[in-house]
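The two complexes that follow have chain A in common; it is paired with chain B in the first and with chain C in the second.
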Partner chain A sequence: MQNLTNEIVDKGLEVLNGHMDGKLLTHLNSCVHCGLCADSCVYYQAQPDARFIPAKKVDLVASIYRRYKTTTGKIFPGLVGARELNRETIDEMIDLLYGACTMCGRCVSHCSVGVDISYVVRKGREMLANMGFVPRTLQSTVDAAIQTGNNMGIATQEFIDTLKWLEEDLQYEVNDDTATIPLNEPGKDILYTLNPREPKFFPLSISAMAKVFFAAKESWTLSTQMYDVTNYAYYSGNLQEAAIIAQRLHDEMLKLQAKTCVLAECGHGSRAFRWEGPNYIQKNYPFEVITSVELLAKYIREGRIRLDPAKNRDKVTLHDPCNLARSGGIWKEQRYILKEAVSDFVEMNPYGLDNLCCGGGGGQLAMSEYNERRMKIGELKAEQIRKTGAKIVATPCHNCVDQLSQLNVTFKLGVQIKTLVEIVADALVLENR
Partner chain B sequence: MPKIEIENRVFEVDGDGFLSDPNLWDKDVARLIAKYDGIEEMNEKHWAIVNIIRKNFEEKGMAPMIRTICQETGLRLREIYELFPLGPARGACRVAGLPKPDGCV
Partner chain C sequence: MSWYILFSIISLIICLTSLWFHLFRLIRFGHVKEFSYKTGDTKAAVRYAFTGAMSPAKKESAFLHLPTYTAGIFYHLGTFLCILLFILFLFGIEPAGWIRSVVIGFLLVTGMSGLSILIKRIANMELRALSNPDDYISNILVTAVQLLTAGILYYGAIAPVYFIAVSLLLLYLPLGKLKHTLYFFAARYHLGIFYGWRGVWPPK
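What follows is the complex of A and B.
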């Protein structure tokens, strides 16, 4: 690892300049140490070690703030628990802020005074990113996105070949040559995005969405240049890189003159582009951005697609991605969709805004060094699923899908994990044309 | 560096169980990792998938697209998911001795 010079430390401390960020200042100074957050945290539930208590993670960042940004902390650091930003502190920050938090925000909704704990954790990650301490395993996915235009490094021709292959399959399935997967067509109503894991390894959700678009007679296109809905720099905390990625999708929308950008089922991607993106790139979007979850609900509500719930007879439960539900407030739409698309729906406990994180969020899937913790907290989710007796777990997030699939095998749940659009496509009633 | 031990052979792996050094891979290693994942016997279809992944990795430095795997093996998509319950990445690529792919896998 690199030597810790004053220059590097200063880069980390830049994030704590209160005059730049009043919200951070408030939230660093508000914790009343009531301890209510402890039991809300999946890390603490899975391993009751005091280090994992969310308030401790806030205090870690706050202690550095006190050391460098308050008068008492500068003169009598010991009196106010102020900490030097040194090697030891940095190691602890890496371990707790990257390795023991998915930024799921459950603690935030349980906090007695409303401290935005995951925001403080994110700021801590920004400090680490500024100093060059992003875990290599996480950074490599950011690098792939920046260097190749998508986070799995898929070559453009391979992407095109895959979509042509899926298009042939679609035409066969709906028995109609006019069913297409349009590429780079300007002036459409919708520019649809994908998680690169779909074309690379799990294309059933692309086929499902194309089938839904066909049924809804939608005017849509994909871009072969910029289709990646993810933004791993949201996880790493490198705002410059987050801005580069968000800017590309913004520019592609303008280039293709689409009216609405529809984000594929991706929790952090929705958060990073729709809700945080304008802050990254420092301007408002001149177009609409919605998630595909909202679009599917809209199609059903407006009668643009017709579903027969009898086509999905197995019992289905739903996992709420933290970034979409708790952070984005999108949690009713997926329930409406499932009630229309399946005949037997059951909730987990807890669910919706109070749902437990699957354990794969916050970049955990990428950081294999924390795999053991990820599986430990995932066990809580596995037990939640088991108790529902469901055969299918629906979740509108590819990151959650991957974690849940691993939990399914590891804890022998015997379920199927599906995105919402796959379930909707299975229930579609295609009219005769 | 974590290690896994299967039938008295010890391998250095990353936290997700992907081989740290892809060059240490051979067919025996593939069999052992598969066994670790609960695939008792690698059948012809398993080998067809693993071989195409390995070949692509050696030529292009990364796992092939699922389309390539389907087209070159003649297997259907759902069959691949059934053969490797952990999926093409955490399942098949790991058995083929590749490093963990980037992205949401």
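What follows is the complex of A and C.
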């Protein structure tokens, strides 16, 4: 770990100086340490320990604010629990803000006051990122995205080759040589993005979406230059790097003159580009941004695709990605889609806006040093799934797919994990052309 | 006018001025400029933040902890009542007859609620780990004022002790966590804006 100089500390404190606004000021001053948020946190539920209480995470950041920004904290630090931003504090921040929080936001709506705990955690991560204390494992994922254009470092030719065989596969499946996966075609209605996990590990979700686009007779394209929907800098807290990644997709939209950017099934990616992206680059987008979940629901509602739920007979349950549902307001659409696409749907408990995080968010999948904790909190989700008796777990997020797949193996759930589009593609009724 | 009443008036002015400073600073810092496109109704969400979202049925912090939640509600009601009575006392108005008895009884309940919350903070290892001296001082001051308000209604001779306790509370309020008196409302407001902007609140 690097030496801690005054210059470095000042960079951390810059978040509380130059970037201060009414919202941050409010949430740094609102926690009353009642501790009632504890039971709403998956980390605390999995390992009841005072360190994992969400209020403790807020207090880490707020205590630094009190030490440097309040008169009481400057004169009587011990009275109000004001802390120096020193090595000990930083170590604790790294462990708790990166390693013990997925920023799922479940504690926020249950907080007795209304402290936006995940917002404060993000600000704490920003402080750490400014000082250069992002865990190396997480930073390497960001670095890959910055250097190669996608977080898995997939070479462009490898990506194109994958898409070409997927296109052949699609033509064979729909028995139509005109079915294509268009690449870099300008002036289309939709520029579709991908989570790089798709071309790397789950190519069938790409062909599933291509099949849906084919059935809906959509005007769409993929970009081979900038297709990555993810933005791990949202997790690391490095705003400059987050802006670079968001700007690239923004610029690709303009270059290809697409009307709508459709975000693939990725919870944090959707949030990072749709909601945080304009703030990262400090401007509105001159195009529409929607998630593929909204698009699928729209296709079904407008009759652009026809589904036969009898094609999906197994019992299906749904895991809501936190960033899509709780922080994005999209939780009805996926239920509408599933009710149209499967014949037996069952909810988990709790679900929707109150759903438990699977443990894969917050950059946890990238930070292998916290694997043990991640699997521990995932056990709660595994039990939720087991209780439904479902054979298939649908989730519109590839990070969640990854985490749920690991839970499936570790806790011997014996289920299949699928994205929504895979389920929709399975239920598609194709017209004879 | 007695010196202790004058002291309490000065303390009140200092408290209000400090709170005004906090409010002014909040307004001056203003909103975070939001560049994304709004898809929800922020006004409705802010209303929901102060109403439906506060419902005990919606919060695990309430329905999983009913004794603490109930004690907290009583404690806060007692605090509001004490502030009102303090203002009335300054104008020489006091509740009389059966109303006085009811108020005394109610304040004893609210004071006990405050005390139970304090005992929980001391006894519970996890809460203790979360607490700093400010948490204890804030609770002790507010609980003391509630019990002393009941006391002065029963036995007027303790007026100096009562007014000094109120003064200490007023002087301490803007320094520690008691300033959530103001920030609570700002927190609910910002939460409403955040969820409302994205169409999360009010629930569809």
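Criterion: the second predicted complex is superposed on the first by the 430 of 433 C-alpha atoms of A that agree within 3 Å, B and C clash if a C-alpha of one lies under 4 Å from a C-alpha of the other, contacts with A are read in each partner's own complex, and residues count from 1 in each chain.
Operating definition for what follows: contacts are C-beta pairs under 8 Å (C-beta built on N, C-alpha and C of every residue); 3 or more make two chains touch, one makes a residue touch a chain.
Computed from a prediction, not measured in an experiment: that's the story for all the values here.
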item	value
Joint occupancy of chain A by chain B and chain C, clash or fit	fit
Partner chain in contact with A:Gly78 - chain B first, chain C second, else both or neither	second
Chain B versus chain C as contact partner of A:Gln406, first or second or both or neither	first
Greater chain A contact set [chain C / chain B]	C
First (chain B), second (chain C), both or neither touched by A:Thr230	first
Which superposed partner A:Val115 touches (first chain B, second chain C, both, neither)	second
First (chain B), second (chain C), both or neither touched by A:Pro309	neither
Contacts of A:Leu353 with chain B and chain C, given as first, second, both or neither	second
Which of chain B and chain C A:Ala55 touches, first, second, both or neither	second
Which superposed partner A:Phe202 touches (first chain B, second chain C, both, neither)	first
Minimum Cα separation, chain C to chain B, after superposition on A (Å)	25
Interfacial residue positions of chain A with respect to chain B in the complex	137, 140-141, 144, 151-154, 158, 161-162, 165, 195-197, 199-204, 230, 266, 365-372, 398-399, 402, 405-406, 408-409
Contact footprint of chain C on chain A as seen in their complex	20-23, 25-27, 29-40, 48, 50-51, 53, 55-56, 59, 71-72, 78-81, 108-116, 119, 274-279, 281-285, 289, 326-329, 332, 353
List of chain C residues in touch with chain A within their complex	22, 25-27, 29-37, 39-40, 49, 53, 58-62, 64-65, 68-69, 72, 124-127, 129-135, 137, 175-177, 179-180, 183-184, 186-191, 194-195, 198-200, 203-204
Complex contact set, residues of chain B against chain A	14-16, 18, 37-38, 62-63, 65-68, 71, 77, 85-90, 100-105
